[in-house]
């Protein structure tokens, strides 16, 4: 991640603001506000604004519960209760806005979360930065043999080098040709005074999918957690997980009580089907159960055993 | 609007907060933050939180425009340009949260705006306040003769009094019976120690639709403007317009530049159909046009004439 | 549920259609298309249109999986896999439209599901039907002592009769006064030729919340299942559950394979928190665990025990 | 657009379906159902399912209007009225599903329309087709001088050839290296038996943005029109407009009455601001007005003049 001098200054200027407000604040989040937290080789995540804190959830829930909340007495108890019972609307009452720099192929996954507001840097109007994602060697994984959507072992030796060279050279070549077509270099200088430049909205099609883009992305706390549950998960692609993990840290600084409930009930929890419940009940009673008679598919059986630590991993 | 002593104190406590933040603030909006602004006879609108200001729109738009904004140089120019050309996403980057007290029949119209977050006071858990909307005499209008969904003249004399008596007596009677069924009065005292109370989720069905409810309602700036355009309009029912008008004032305090563009391009503007454009062109050229040959329906013709001040009102 | 002669004829006419189509059809659903299935005392649910069937889910998923679906060979296996792993988007590819008649206080709960399309019969334009929901005696429950949002024992004897009388008399009185204010009876006849009628948009506020309304409600299969999971659940209010149960039947006729997976993974399944998983693991190993040392709240402990049949019910 | 023999056969099979249904059908749309209509050099649009027709809009609106529709007597009149007055919900009652093949950089614009359901062919699971978009010579436009987001003159002679060569060669080179990294050719054959293939979710990042992808895309009629209004517009990028124009034809076949109203009120219409209305009024009265005193910016003035044919084009 390289910030230009101007960009670094702009961030510093925002961070030096000292405004007074009657709104609630999240002191831990204020500390890192506007900071560009590095992710992958050239990406970052910046929290640029937020609204509400843990108490805002309680406040909204108590409107909907009115006088009816005597039994769940503390804020923390109420937040856990809401999380456990999928009373989701109070979590929509907090909002957060990020500025994110990320490779285009990850942006394409990310954008599928529709309940968010987005403004992306437009390659129709502007020239994209000359930055491409190149995986670090330990993330250069082979296709998994057992899982069509997963990664297997890491590539080694020569092949790893070959792959990295291809990625690097192709990204640089296509970017160079992008500049050539635009008849303009990234720094704004013209290449050939006697030529026109191809329209930006066309030239961009020559870039590779590991080119970095950036956007403002704003969502409410509920939908942020939906995003994180899916994208900080083991099944998510490593590159988007890197972003989700960084954002999990910002969640903790913003709404610590909600974060705790989220880790317990969503991230660390599991779902059990009706058939799966019967298996677990038998296991608790000490009855004999096996995959064949379970009524579960082989894969389902494995997933259930792994979820409760009765088996090591999916074979 | 009656606030209890406790409610008034809670508002005062929130208003006395003096927090420091690095976020942008909207000074005029801060002045009225948490204040219960009266609407109708017992309702109110309170701004309880917000995120962003006019500069947040520009900031988001400039990410999507990158270096491409030199021509629209000032913030105000850019905001007007975005509004005019329906570049809507930058307006989604600001967020506002209201606490609203309103009659149930108005809440039922309001909730049709789906792109918002809502937590309503639950009559399943709690007893509703003993407050009903009774129109003031000058809002007690007869059914319009010409428009199935509109109001005509104001009712006068005896009939007005009769209507108000019916509304008042029925609301009080049904509320009294609501307490009776609950076997509990609004103040929490039990009516008959030897009886059970009917479940709240059932008893509420006896209340009339002018009973007041309340909710937290949060939305982004774009959807707030969509709401206000429809609900601050002449065609909207007076009672919801009263809320929209009050919220227009808060919009002005929050994002004054956006407010100005909104009034010019949306509220004060008009739409002209392809056929309507041809009529206007002829009128400008001084050509003779009349309703019969226009290709417009009688009603469309009237709407067009009124929009451009060529006719006084819909007859 | 009383249908007028005209309404019954209109339904019959729709049912007698014999159109040819290249689209997929759901034969079991076709059999009950347009039929008004009774719910509560005056309500109904009618399926009035639909798009897609079980194969549409597989078809969409196979686009996103391309050649990669060899392992999950059958349609049924794939649908179960998608359901279990929350691959939700293929389920959005089917759509259904209902015509529903329901009490207003239930409509207010229902409308909180925002991801749906709705057209409600407008009391601003038209006079509402003279029909009110009155619970049957075995649904006339007292407020629960242990659960602020629940029902307890059924009311008995005199008190039940008193409650039903209040509900009936208040609904009839307020409806009669509604007609009086409108100066028009439900059958369209004028009451007093010398009087104006109050605007419909105002008069409606005098009606009680058990008055029936009706709407067209359209949603996709994913959001229908989200609705049914919450509303066909034990914690849902009986009156909305009556609708959800009826709609579950239509789900089964429409997409039988999806229905089966839905019942197994969603309706009959359970969620276990990270802490809960540790308890279950200990129980399987035969270790001693008790509520006090579990790290769970009393309530959470109970919910866990009940979910796995280790305890009868919440005390 | 090349369809494989299997794909062509699958389409034929779907088209030969002769199902009976009680649902309404759109006969003109049925004729082209499943057909792959070519767009750009390798793309297509296929209508694969639909629900409802013009009468469905009227049917839904009449529920919300109840007995109140006597004045707008015909279906066509009502549809026009709904369109003109932004009574949008009845248009949400129809649904359509497309299968679309399109270049990735266009897919990235398209996906910003959030109110739709999407399943995209996944390059995480599968190998993408070896097809890239190459503009035809008359679409190879230079960057506009006056508009940062627009196109100017067409490139000519040598430069056009150079650009096309760069686009073609870079796409082919990066695709060849994609296969190399995967260690698998598009036809499924392995390149080097002694090597592992890089994970598909990684290798895809080497592809250029003009590579074709495909998806199922489903939306309701209202949101389809919102999409078409923006994307069939002159300001839209040519490549997405090509898709929008094709889809406009399918709209006409599906709901001809709605199509007509849409063309009149949305596509062919214009918006006039409050200030703009004053100018038009003066022009009609024959008063002298000019850009300088108008209160409009230079650009706004031009847009207004062009909208009413008083000026030829934006200079």
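When the chains are written out, they are named A, B, C and D in that same order, and each has its own residue count from 1.
Keep this in mind: contacts are C-beta pairs under 8 Å (C-beta built on N, C-alpha and C of every residue); 3 or more make two chains touch, one makes a residue touch a chain.
Since the model is a prediction, treat every value here as computed from it, not as a measurement.
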Those chains which touch chain C and also touch chain B: A, D
Chain D against chain C, contact positions shared by both copies (same if over half, else different): same
Inter-centroid spacing, chain D versus chain B (mean Cα positions, whole Å): 34
Rounded Å distance between chain A and chain B, as computed from the means of their C-alpha atoms: 35
Inter-centroid spacing, chain D versus chain A (mean Cα positions, whole Å): 29
Residues within chain B bordering two or more other chains: 65, 68, 89, 112, 118, 122, 125, 148-149
Residue numbers on chain D that touch chain C, as the complex places them: 14-15, 17-25, 30, 33-34, 48-52, 56, 59-61, 63-68, 89-90, 92-93, 95, 97, 99, 117-122, 125-127, 214-216, 218, 220
Contact set on chain C toward chain A in their complex: 65, 68, 71, 77, 80-81, 84-86, 89, 112, 148-149, 230, 235, 263-265, 267-277, 280-281, 283-284, 286, 297, 299-300, 303, 307-310
In the complex, chain C residues that touch chain B: 103-105, 107-108, 111-112, 114-115, 118, 122, 124-125, 133, 135, 140-144, 148-153, 155, 159, 163, 166-167, 170-171, 173-174, 177, 180-182, 195-202, 204-210, 237
